[in-house]
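Quick heads-up: structures coming right below.
Both of the next two complexes hold subunit A, though its partner changes from subunit B to subunit C.
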Partner chain A sequence: MLDVAIHALTIVLDPSRLMFMFLGISIGLVVGLLPGLGGTVGMSILLPFIFGMDPYTGMALLIGMTAVVHTGDTFPSVLLGVPGSSGSQATIMDGYPLAQRGEAARALGAAFFSSMIGGVIGGMTLFAVIPIARPVVLAFGSPELFMMSILGLSMVGILAGKSPIRGFAAGMLGLMIGSIGGAPAVAEYRYTFDIIYLFNGIPLAVVALGLFAFPEMMDLLAAGGSISNAQKLSGSWMQGVKDALNNKWLIFRSAILGAIVGFIPGLGGSVVDWISYGQAKQTCKNTENFGKGDIRGVIAPESSNNAKEGGALIPTLLFGIPGSGTTAILLGGLSLMGLQAGPRLLTSELPLTMSIIWTLVLANIFGAGACLLLSKPIARLSTIPAKKLVPFLLVLLMAGAYQSTRHWGDFIAFVAIGLLGWAMKQLDWPRPPLLIGFVLAVSAERYLWISMSRYGFVWLGRPGVLAIGVIITVLLLAGIILKKSGSIDTTGEGGQA
Partner chain B sequence: MNKSKYSLVFTVFLFILFVCLAWQASHFGELARFFPLYISIGGAVLTLAEVVVQLRRVIKESKDHVETVHDSPWLVLKYLFWVLGYLGVIYIVGFIIGTAVYLLTFLYFETKFSIVKSAFGAAVAVSLLLLFGEVMTLYWPEGMLGRALGW
Partner chain C sequence: MFRIISKLSILMLALLLVMALVFGCGGSGGKEPQPAGEEQGEPQQEPQETAFYEGETLEMLVPFGAGGGTDVFARFVAPYYNKHAAGQPAVQVVNVPGGGSVIGANEFVKLRKHDGFNALVTSASTHFPYLLGEKEVQYDLREMKPVLGLPTGGVVYVSPSTGITGPQDIGNAREKLVYAGISATGLDLVTLLSFEVLKMDVQAILGYEGRGPSRVAFEQGESNVDYQTSSAYLTNVVPLVGNGTAVPLFSFGQLDENGNIVRDPAFPEIPSIKEFYEEAYGEEPSGVAWDAFKGFANAAFTVQKIVWLHSDAPEEAVQALAEASEAAVADPDFTEKGVDVLGGYTPYIGKNVEAAVNNMLAVSEEVKDWLRNFLADEYGVTRLK
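Let's look at the complex of A and B:
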């Protein structure tokens, strides 16, 4: 396998393929930078261009783009408190407070370095898992997927801060908003009130932008000043890199967690950053500053969301099971180039699989390098007065929100959820639990229904279910014990973005 | 009204919302019902508990220690009207022209830029939108006037 890997590296390093990889990286960074657009949009843009390309070049372009979306999306999350894509929601929690303190460059430096290491670990996981992937992926049935959704929902308790009742109520509101549209179990529409826009549910980008970006824009305009309260930007990206190196084990375990969550098809990447953030808050010492600008709150989600991409490619390439919209389009790309996902990618097409792994690793390194170089000048955005910056941001947010379904409902939902988010922010209701509930609503309901109709209550005794149940219990108990011992923030600020 | 009272009103609103959602869910078919019904009942119970907690807090709160919701709520309302106005202009003339109008007026009246600077800012933003729209095949809403005139 090693000789095939070396052969694949020489193919990837061919100048023409490197050029296409850099083109993919550039597009991926721009897509990540623009709020509301994600990997799916990037894939859609590139798909028409790969027709007729040789598979190595086509994959260099597509994988180069998808590998760095979660690197570029850190800019808006840290500098503006706006999630650049669904995988960078949790980065806001500590990245934005750091920018408000004038430490944006430090936060960005730590984020990009963690993203790079996370992405490389994701690629290495893909390489290591290839021989053993089949039984592991097949071991995940609907009961285990339902338990993974519950694991994500258990993060609500961790992010609820000083008021668990409000946290759980917000989580349930998120689950209810997520249940708008078609029911997974039967052909019936719920809470649509005959409004066509609601038939497919409210898009995640609209909910995330409304909940976090809109309130921030309103408050920034009303308060005047700029995002950074500090007069001068302190800290450099080098300091962020040093912070990341000081937390190498956090990067490592978050990346492994990201790769594992990524390779479970159907769970979706939107929750990986929250799970990673939750585990960091649960397992690190002295977490009283989480939610107020703790650099570890940036490092954990950033390393896991890049590692997720490597994990997500395992079921996509080996079994043709796409775990997300992005990987579904990637499968379409493979077909356009005359290939089919499946066991053949491990036998006759192994060099192509290896070239994908190399592209993933190299794109993460080059993408993070480019972002690190750009971090200092782009960090100056946080010092621009709100009245000069926000009108342009609002245009960007409106444009991003509208691309979700290209329906007027996107605008209305954006403003309505924005007002809800503003009220929650003012009245100290935690917003992250609402978003987690929303993200997991469909998968939790779908997998519970399939489990119950397929296995009755017998699924509760499956080894995988029990193992994930134990992990959830340990995480929640550890949180309670650490809270009692005073190691974890009990002020509730940690629950605020 | 102080923060505790606003908070109480917001929690009561959420409680009523959960009750309405549960009532609505009870009319769904059996397979579509179980998830939203139980979740909304759970939400109603939790928000009711929070209402009780809030009520006790409002009663106990001393008059000389009142926390307000926002330093400048009228300013927030003003900027909310700017957003709604932006949406209104988009509805009438479409996204691209609406954005140009919104940016020009906001930069001139709120940011206090000169008319030349405001026009330049709006022109740059619209050019970038058009460029990204072309490269990334993004779509913009046309607007009532655009549809009527066939732009």
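Let's look at the complex of A and C:
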């Protein structure tokens, strides 16, 4: 397998293919940069050009794009408090406060470096898992997938912040909004009131942008001034990189987590960053500043959401099961190039699979490098007065929301969810639980339905189910245990911040 | 120094704004076709034979998201239309997903001009709601002219743990038969009807996300009977048959021009459902369940994907596109490059696609009533009644 890998590297480094990879990288960075657009938009843009390309070039283009969307989406998340793509919301929690303190460049530096390492680890995971992927994917039956959804939902508790009850209620509300549209199993429609726009449910981009971006814009306009409250921009990206290097272990375990969650089909890539943020919060020491500008709250999600691309490719390439909208379109691209996902990609087409891995790794490195260089100039965006910035941003946001289905419903839903988000912000209700509930509603119901129909209650005793159940319990309790042991220390040391 | 950097920032913002506009407008309704009046409304011009599509854009509306089977088919066909249609029109594929393809099809009839510059590409998921009479459907397939139809096939297979090796065993399986499907009103309907016709007692667990996950469910043992469409069967199930973990039973077959089920040419060694039934029960299948199966197998497999124009589009448009379809199918490059997209089947053109569509639309009211009751009683789908 190693000789195939080396051979694939020489193919990838061919100058004309490199050119396409750079083109893919540029498009991926711009798509990530523009709020609300995600990998699916980039894929849709590139798909028409794939027809007739040779597979190596086509993959260089497509994978080059996918690899860096989650690197570029950090810009709006940190600088504007607006999610760049659905995988980047958790970064806002600590990245935006850092920008408000004037430390945007530091946050960006840490984020890009973690993204790069995370993406490389994701690619390496793909490489390592390929020989054993088949049995691993097959080990995740519907009951296990349901437990993984519960793991995601348990993040609601961890991320609820001060008031668990509000967090829980927000999560329930999210589950309810997520159930709008067709039921997964039975041909029934819920909460659609005969409005055909709602038949497919409310698109994720609309909810994410409305919930997080809209309230920020409103508050910015009301407060005046600019995003950055400090007079000068302090910090540099070098400092951010140093911060990241100080937290090597965090980057590594977040990346592995990202790759694993990405690999589970049906969980949805947009939950990865929350799970990672939650795990960082539970397992790091001194987490009082999480949510107020702790650099580790940026490092963890950024590392995972790049790693998840590598993980998501495993079921996509091996089984033709897309883990996300982006990989679904990627499968279409494979068909247009005359390829089919499946066991062939590991046997006769192994060089192509290797080239995909190399492209993933190289694109992450180049993309992060480009972003690091651009970070200082783009960070100045946070010093622009809000009155000039917000109208422009609102147009971008509306365009991003409208991209979802290009119907009027997108605008209406965006404003409606936006008002809900704003109300929640004012009343100090946590918003991440709502988004998590929304994202996981369909998967959780689908897998629970299938598990119950197929196995009655017997599935509760399956080893995989029990193992994941233990992990959930450990994660939930870890916070309590660590806090208890931590509080003994801090009172002894006289309340170190 | 600051002046320069702030100018740079403004420049970058402007660039971003332009890009946003480009991205925002790029995929959305496509270009406006240049006024067709130039060719048709000039009485002074000598009656030159300018092709209908000369200098025009043909928009193919795909009521699904990018990357899906119908989208890939449309994008594959598009360059051949550009090559072979008289006038070499630019061909653009536009995605309008939503509502299980009902939204896009509705938009095609209600919002797109019936001027011959708009075509619709449908799939079984678009045909079924129409045939079943779902109330959101605002399109009428009788008001459309088909120019190209792509068939595909399906094969039903079981796990060896069921102990079923052939038609003689279907009544006494060693374990409960469990089928993993997506939706009772989707393509699974054909499979469920095939079980009904063969009087097989199968528990259908619906709600899987797609054919991929349901196939994985088979491999995991969550289900022990499954079907796959031809290309997925050949890529993913044939290896399983090879190592003894899957046993093919029957294919849905293909409908000939008289509406009879014949063996699927893509699977010459696998019996069609008709042959399978005859071997199991010693007589030909008949009855309303069988009619329902044939009607919906037609809509789902015999012509799974269809390219249509509005029936009140200009006659020259229909003519030009029908000829382009024939030329495309005859193009050796089309067959060679399309091995995966076409799945090895030859698309229907001309009279054949019209005949197939007529058969599809000829499902009787009696069959539809029976079907609505069947769906309500067996699968709890009550909204159709």
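Going forward, the second predicted complex is superposed on the first by the 481 of 497 C-alpha atoms of A that agree within 3 Å, B and C clash if a C-alpha of one lies under 4 Å from a C-alpha of the other, contacts with A are read in each partner's own complex, and residues count from 1 in each chain.
The rule we apply is simple: a residue touches a chain if its C-beta (ideal position, glycine included) is under 8 Å from a C-beta of that chain, and two chains touch if they have at least 3 such contacts.
Note that the structure is a prediction, hence the values are computed from the model and not measured.
When both complexes are overlaid on chain A, the residue A:Asp428 reaches subunit B alone and has no touch with subunit C. In the overlay built on the shared chain, the residue A:Met176 is in contact with subunit B alone; subunit C does not reach it. Of the two partner chains, both subunit B and subunit C are touched by A:Val186. Of the two partner chains placed around the shared chain by superposition, neither subunit B nor subunit C is touched by A:Ala416. Within the superposed three-chain model, A:Leu350 lies out of touch with both subunit B and subunit C [touch as defined at top]. Legend: residue contacts after superposition of the two complexes on their common chain; A:Trp449 is shown touching both subunit B and subunit C.
In the superposition on chain A, contact is made by A:Val41 with both subunit B and subunit C. Look at A:Ala399: by the touch rule set out above, it reaches both subunit B and subunit C. Counting the residues of subunit A that each partner touches, subunit B and subunit C differ, and the larger count belongs to C.
Shared interface residues of subunit A (contacting subunit B in one complex, subunit C in the other): 34, 37, 41, 44-45, 185-186, 188, 392, 395, 399, 402-403, 406, 449.
If you check the complex, the residues on subunit A that touch subunit B are 34, 37, 41, 44-45, 163, 165-166, 168-169, 172-173, 175-176, 179, 183, 185-186, 188, 190-191, 217-219, 221-223, 387-388, 391-392, 394-395, 398-399, 402-403, 406, 408, 411, 415, 419, 422-423, 426-429, 444-445, 448-449. By the touch criterion given at the top, residues 5-6, 8-9, 12-13, 16-17, 19-21, 23-24, 26-29, 65-68, 71-72, 75-76, 79, 93, 95-100, 102-103, 106, 136, 178, 180, 183-185, 203, 205-210, 212-213, 215-217, 219-220, 222, 231-232, 235-236, 239, 337, 339-341, 379-381, 383 of subunit C touch subunit A in their complex. Interface of subunit A with subunit C (complex): residues 30-31, 33-34, 37, 40-41, 43-45, 47-48, 51-52, 137-139, 141-142, 182, 184-188, 196-197, 199-200, 265-266, 319-322, 325, 328-333, 335-336, 338-340, 342-344, 377-378, 380-381, 384, 392, 395-396, 399, 402-403, 405-407, 446, 449-450, 453-454.
Residues of subunit B touching subunit A in their complex: 3, 6-7, 10, 14, 17-18, 21, 24-25, 28-29, 31-32, 35-36, 39-40, 42-43, 46-47, 49-50, 53, 69-72, 75-76, 79-80, 83-84, 86-87, 90-91, 95, 99, 102-103, 106-107, 110-111, 121, 125, 129, 132, 135-141.
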